[in-house]
Amino acid sequence: MIFNSAMDNLTQKLRDFRTGTISEADMLEFLSHFPFSRDREIKLDFHRRLRRGVPEAIYGRSKSLDQLRKIIGKFMEMGEEILVTKIEPDVYATLSKDFQKLRYHFPARIITFDHDPILVQKGSLLVVSGGASDEAVAEEAFVSSAYLGNPTQREYDVGVACLPRILDLQGKMDEHSAVIAVAGMEGALPSVVAGLTATPVIAVPTSIGYGANFSGISALLAMLNSCSGGVSVVNIDNGFGAAYQATLINRKRQS
Amino acid sequence: MIFNSAMDNLTQKLRDFRTGTISEADMLEFLSHFPFSRDREIKLDFHRRLRRGVPEAIYGRSKSLDQLRKIIGKFMEMGEEILVTKIEPDVYATLSKDFQKLRYHFPARIITFDHDPILVQKGSLLVVSGGASDEAVAEEAFVSSAYLGNPTQREYDVGVACLPRILDLQGKMDEHSAVIAVAGMEGALPSVVAGLTATPVIAVPTSIGYGANFSGISALLAMLNSCSGGVSVVNIDNGFGAAYQATLINRKRQS
Amino acid sequence: MIFNSAMDNLTQKLRDFRTGTISEADMLEFLSHFPFSRDREIKLDFHRRLRRGVPEAIYGRSKSLDQLRKIIGKFMEMGEEILVTKIEPDVYATLSKDFQKLRYHFPARIITFDHDPILVQKGSLLVVSGGASDEAVAEEAFVSSAYLGNPTQREYDVGVACLPRILDLQGKMDEHSAVIAVAGMEGALPSVVAGLTATPVIAVPTSIGYGANFSGISALLAMLNSCSGGVSVVNIDNGFGAAYQATLINRKRQS
Amino acid sequence: MIFNSAMDNLTQKLRDFRTGTISEADMLEFLSHFPFSRDREIKLDFHRRLRRGVPEAIYGRSKSLDQLRKIIGKFMEMGEEILVTKIEPDVYATLSKDFQKLRYHFPARIITFDHDPILVQKGSLLVVSGGASDEAVAEEAFVSSAYLGNPTQREYDVGVACLPRILDLQGKMDEHSAVIAVAGMEGALPSVVAGLTATPVIAVPTSIGYGANFSGISALLAMLNSCSGGVSVVNIDNGFGAAYQATLINRKRQS
Amino acid sequence: MIFNSAMDNLTQKLRDFRTGTISEADMLEFLSHFPFSRDREIKLDFHRRLRRGVPEAIYGRSKSLDQLRKIIGKFMEMGEEILVTKIEPDVYATLSKDFQKLRYHFPARIITFDHDPILVQKGSLLVVSGGASDEAVAEEAFVSSAYLGNPTQREYDVGVACLPRILDLQGKMDEHSAVIAVAGMEGALPSVVAGLTATPVIAVPTSIGYGANFSGISALLAMLNSCSGGVSVVNIDNGFGAAYQATLINRKRQS
Amino acid sequence: MIFNSAMDNLTQKLRDFRTGTISEADMLEFLSHFPFSRDREIKLDFHRRLRRGVPEAIYGRSKSLDQLRKIIGKFMEMGEEILVTKIEPDVYATLSKDFQKLRYHFPARIITFDHDPILVQKGSLLVVSGGASDEAVAEEAFVSSAYLGNPTQREYDVGVACLPRILDLQGKMDEHSAVIAVAGMEGALPSVVAGLTATPVIAVPTSIGYGANFSGISALLAMLNSCSGGVSVVNIDNGFGAAYQATLINRKRQS
Amino acid sequence: MIFNSAMDNLTQKLRDFRTGTISEADMLEFLSHFPFSRDREIKLDFHRRLRRGVPEAIYGRSKSLDQLRKIIGKFMEMGEEILVTKIEPDVYATLSKDFQKLRYHFPARIITFDHDPILVQKGSLLVVSGGASDEAVAEEAFVSSAYLGNPTQREYDVGVACLPRILDLQGKMDEHSAVIAVAGMEGALPSVVAGLTATPVIAVPTSIGYGANFSGISALLAMLNSCSGGVSVVNIDNGFGAAYQATLINRKRQS
Amino acid sequence: MIFNSAMDNLTQKLRDFRTGTISEADMLEFLSHFPFSRDREIKLDFHRRLRRGVPEAIYGRSKSLDQLRKIIGKFMEMGEEILVTKIEPDVYATLSKDFQKLRYHFPARIITFDHDPILVQKGSLLVVSGGASDEAVAEEAFVSSAYLGNPTQREYDVGVACLPRILDLQGKMDEHSAVIAVAGMEGALPSVVAGLTATPVIAVPTSIGYGANFSGISALLAMLNSCSGGVSVVNIDNGFGAAYQATLINRKRQS
């Protein structure tokens, strides 16, 4: 299905070969690279979408302004949607001078070139977070999830220091396809959440904390060692990655 | 649904209170602990099943023989199924003298007290692994997955040093609800797998390797830093945990 | 109070000096070491008791059998009580041949030469633990606490994967002088416990777990980063240390 | 005691139910959330105070100015006291334009909205620190301790490089309910202090140092490995956390 | 060959000694330092070139502007070529005021004082990189490789999330003397590349990524644990070091 | 060259297709897997040899005896050469009962099923090591290098504590295609060696040492941070990996 | 000797007690604190000098400007010499406005209030460093050493990548009482130096480097694992600490 | 002085050259290796002694029995003294069958082939240790120190949990040339010792402890971060290394 046009191309080439339009040597040469040869210009854009059904997303922090301008420019020129993460307000301010149609999501620190997402029909996602300090990462997950077409709800500031706030959500959690649980410090939230529901939990450790937090290691390790089943973990501060994984889970539901 | 009997109990108590059978003081006392009070004896068994729909599983490595005997004995006595992970052959040999009905899965190193799993109707799971050395962990995932009711397939020894083996699986992977990707050493398999499919990948780093592998840290970090979307990670060597998460994803599909 | 005998000794020396029984030179010599001068042979025994009011405790794991025999022998000879931690059953079996009066506490892995502890009059302590695998460390804390004179209760297997078990203890916890919370894996128990009570929590990470647990680091870091106030932490697997600290807290209550 | 108002509410509800003012269905609904149901707006404020008897404290460093303004504003509006830690002078300078009644404690880097603390009647606390560089953390502990109602003394710059300074405090230390020992670099102070007193020591490693200090790891590890009993540890630079734990210990003394 | 001039010097000294122009004492003195005695001023310049056949390269980041000025000045004065790595644009801007003839390579962040490189006759090198974020390091390798005389090609943005891009290069790779594979995040690129070719791969982990990337550790460990043979690794972000090693390999080819 | 037999197969298939012996559908099916389709049974054997020109090598430590028997048996049955690393003497003793033709190399801890290596015509390799304790790893490199067809020399015990031993080798080193430098402890040997020669150095850190050696981390880090150019590093104790890389370098020389 | 005045004081007190001028209670009180009681004001200044014979030194980096002003002011007021390390030029510029007599040593980043050092009569010290980037730390050692009264020589830029530079110093090194060897990156210099001389080597790892240097860890570990005897190590970048230790060694020589 | 015989040899060669007994070519050849050429057989033995004045010492743990037999045999055959560290009793028992003249030092775990040490005339060394568990390492330092010719004293079990034991030693410490301070756990002993004396302290962290001790890291970091001047550190458990360094310091005293 995905490589349809490539397959059509191959079939044509085979027919040309049988009819002698292509020599044996050329046929061998062609086959030695198939199905990978493609125009260099479209390398960035369509490939992931073809294979994964997900628009391109760019990790913005490690890119220079020049790199960001070049990438965004190419996408907009082609009318392709795009999502860029980890963009601080001042970077957006600069980029917005060149690209007025970009939309900035704060505090998620995400830039999108808007599109009409193909809505997931059946399932929904829930984003929960431990404390106010986790807001940026939780919002990155929330905005990304909505952008990827999932009906998404959020409940923040439900950390384990005050259990009633989490217990309050118990009923809600079973209805969703996945819960994205965002927490820093001791990272106990996903364990507690997973203990309360049969919904898979995608855990996102945040770098919020200090001292022996080690920029998120304490939360990361806690989540990897969860004594509750049904927790899998993405990288520290990777709200987008959690939304991506939850989207794939949610889409399976309607397949 | 889950706390039905507890709710019935509460309703009864409220009626008793209204009719004066229970005093206000007793009612307050009762409520101060509700909905958590329950017989001590059933603490181990039914709870998780009620909340998660998953039979009890025990991490076997850190338990003494005495602890294992006590836990297994209680479950068998009650006719409850059970799954115990990380049981070396010699431990099983000793336990089997007391419990003839246990079944040992090698090289998964899992003991089960067999049951008829409630089969998942709609989806299936796939376990892939990088090399022969990852066999024990991959089998732990495979046996656990089957035990939890998922139709499960496996393809081992498809590491990234030889890409054709992975590319060969590309078609297969899209059909499953989740792919469990088990790998040690540089842990690149989940990234490559996720790049080839729209199915969520549950990555399991293994402690296979030496030197700068640091008992699985190299694979763990590689998986957390996957440049492909759609990868979430469980603990090093945690084949059961991956099967558990994949089961929850698979069950969502039929809900 | 604590330095009573030493102080008596000093007072006597001062009186002897004033009456000329001791010369100025001898007095200066005596004072130059006081309260530190002591016969080499009793260095081990009385000192800590004098200053801290706590009998001597020995960390057993890093001692050779010869060292253990020498230390225990000296204490028993003097009729002094002693507590030795981290003694595996086979080590005890060997030691018990020489010292029949030793008492072995399993699974706490503690040897004691029994005594009548001076009971704390006013407060009590509670030991809670996350899972069955934490038993040895929890019991080390429990046996030590009782040995040090504290009325002590224990509630094991109340990990955060199943919140009702912890919530059940909420009422109990406020009554104690301190709660010793023992947990491995993600180490979330102390955070949850501290969120439910105004009693100080002494957190004991255990080395129970595997993979990214890193022999207790995950639990240790989680406890140090607790988002709940009222948690302080002792070393990994240090059940005795937690009992010691809780004892000092409990004694303050009656001072 | 703690849940007084909540309990009053519950009692009232029960009476309303008995008299028929509230239906059984409404009563069940109410109870299903109690004691957790609460207006979203007051989530931040009263809860911790109810359970722990401690006013709300906010970790300021990871909050944006906007978040700080929102949180502080809500508290002041309700006339509730508040304590915010890790606020650098320039942040305070900005906040003080909006909130004139805030009080800034330098070098503790704490903002308080002042209140009349309920003084602890019986015990007191002592803060000691190793060197001049530890001043900010030690002051954070000192200001927090006073704010939480404890008569508090401080003795700084008594590091182990010069033992006489510590030995000088030996008498003093026994009188307090707890000693908060703040130290960076090799973190030996709590071990030495605990060796000199029967008062529990709450150890605070600081990130003061360089090179193999690793932002406080050297001090943290040293404190966790203290060869003296009676030491428990809080997170690196967590002066407030130590004061919180010491407060709970001190309050036990009068209960 | 390498120490020609030094050897000439020694031969001359020996002849002078035999003819009596130099005394035995002076000869011994001379020999005690030979072949190491040299004028202090030229210490920096000629030595490495003599031994390795490679012009001097300076690691620029840890040098102050003053140090850079002094070093560059000395080289230019002597007409010697030089390459300085890790020079940010603002540092170059300042240096270029004093040294107009310097050439700045962006985004490689390299300064060169140009020369006519002695071209390698036989082999060539290939630089591949995983993503756009790795550009600076990949360009450091590319510019260095060209500067050191190697015909060099580059193919960027061929990360493992999209295998066809790498497979496309399979044919190309066998022709080169070495492939420099630059990647951050999970660092899987060198493993995949080495699995596709018989050319040695010099792996360069980059610090690109975040969270559990730990400034390049994830990529570094993955590369060290490569399950493909034929991978050896240089330091994180060390594009120059990879070019240097690849140059030595390439030169062997024509020797 | 490498894919000769596979290419022959493809050519034949194309001819069969043109002549109609194979249908278009079958041809498409065949091509969809080519060059990857292969009988499951031979997956292990021919592939790497085809692509890399290197016989199969097995990492023996993490394999069970059963796994080793199965793998070795399959190779011997097919008359294929094989090299298995990290086999302790007792493992070999057991295996040799089933496979008399295996050859054991001690102290290299390598098993080979001997073959006539295709000798490299032009270049040679040199293995140097720091101390007697590095012998096993150095021998693993030496035996592997010879097995892979390289004329190989070795000079052990030339650590930097005694510079004259290394300086003595200076002349020798320039003649080889690569120097494999094996060292534990402070791992300075490769830096010193690379400073003395224009030959590329493949550095092998060993886990020899204790304390802050951290099982080879000290040597690994030192080698990655070499101040000499021309050093690239393989995993700790990976003597085989160094020989593999050096072999590829050496083969380039004659291509 | 050191506590002379204190001893005089004690003797006097004893005499007063014998004559009845001091009561037994007061005598006991006095003795309970002796020999530690001393005026609070002189705590900072004289103490270390009395015990160690070394003027006070202050670690400047972690001190605020206010703290630095207070400390320096007190010393200057008393006419006491002082040395402050890790003072960046801008900090000095500010301080120099208040304290014109301070002397700034760049690039050592040391402030001194000058004095006439008591010169060591017999021995001398040598500071060597690996590269130009280590200059600041090497100069910190050099300036400190001179300030502490040692005749001191320095030889920089003698790293192991170019052995002749080190070998050149072989003769010199034996004459000194200690060699301070400063190096970053792979930290091999102290091993090589110690292999060439019978003089004790004080090794100073620097944080110079990048990537797997981990801010000096690579150099630190290498130095701790030196295969040469006669190397002991101080903290990363601790040039002053090395000078201090070398000074004590040098002073022993004349005692 | 040290290279006397080598120098004599050179002088002779020069004279032979001047008289024509040796040709210019031969002279150049000879000089190209001088002063490093030596018979292969004596590589192990005399070299270190010549340069350092210290007999050969062997690190025993990482050597196989075969290696140990070979090394010891060669030394004994030549009548050379030798010291081998880290030899467990069972290894000695086996070796003693072949080498009856070896002497085993327990608990130092050292084998020596005895000799008459050249006694240091002027200074002496002191070994102190924190606790009974540090005995093996402390004894390794003590036995080594005596073997290397230093009058040596020892005071064990003087850890910082009981300060009087250390204070008691204050007078003694100033008399020695160096104090070797051995401690595990929090490693505070060297800081405290250095605070009490003007003698240089060589700190030896031990791997004694558990949990967050991390096999000696806690003690190692504490010692590197000592707030007392005059502390330098050797590797974890490296009692011999400390004795070696202290010996060099002690010998300087009489030079």
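Which chain is which? They are A, B, C, D, E, F, G and H, in the order written, and residues in each are numbered from 1.
Criterion: a residue touches a chain if its C-beta (ideal position, glycine included) is under 8 Å from a C-beta of that chain, and two chains touch if they have at least 3 such contacts.
All values derive from a computational prediction rather than experimental measurement.
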* Asked: Given the two chain pairs D-G and B-D, which is bridged by the higher number of C-beta pairs in contact?
  -> D-G
* If every chain is reduced to the average of its C-alpha atoms, which one ends up farthest from subunit D? -> F
* Structure fact -> Interface copy of G-H among B-C, A-C or A-B, with over half of contact pairs matching by residue number, is A-B
* To do: Averaged over CA atoms, how far is the centre of subunit A from the centre of subunit D? Could you give it in whole Å?
  => 38
* **Chain centre separation in whole Å, for subunit E relative to subunit C (CA means)** => 58
* Can you check how far apart subunit A and subunit G are, centre to centre, with Cα atoms defining each centre and the answer in Å? => 53
* **Contacts with 2+ other chains: residues of subunit F** => 51, 161-163, 167, 184, 195-196, 209, 211-213, 217, 220, 224-225, 229, 235-236
* Let me know each pair of chains that touch one another. => A-B, A-C, A-D, A-E, A-F, B-C, B-D, B-E, B-F, C-D, C-G, C-H, D-G, D-H, E-F, E-G, E-H, F-G, F-H, G-H
* Structure fact -> subunit B contacts subunit E in the complex at 130-131, 159-163, 167, 184-188, 191-192, 194-196, 209, 211-214, 217-229
* Any idea which subunit A residues touch subunit D in the complex? -> 107, 132-133, 135, 157, 161-162, 164-165, 167-168, 184, 208-213
* Inside the complex, what are the residues of subunit B that reach subunit C? -> 32-33, 35-38, 43-44, 47-48, 51, 59, 61-64, 67, 71, 86, 205, 207, 215-217, 220, 235-238
* Structure fact -> In the complex, the residues of subunit G that touch subunit H are 51-54, 57, 123, 174, 177-178, 195-200, 202-203, 220, 224-225, 229-236, 240-242, 244-245, 248-249, 251-253, 255
* To do: Show which residues of subunit G lie in contact with subunit C when the two form their complex.
  => 7, 10-11, 14-15, 17-18, 24, 27-28, 31, 34
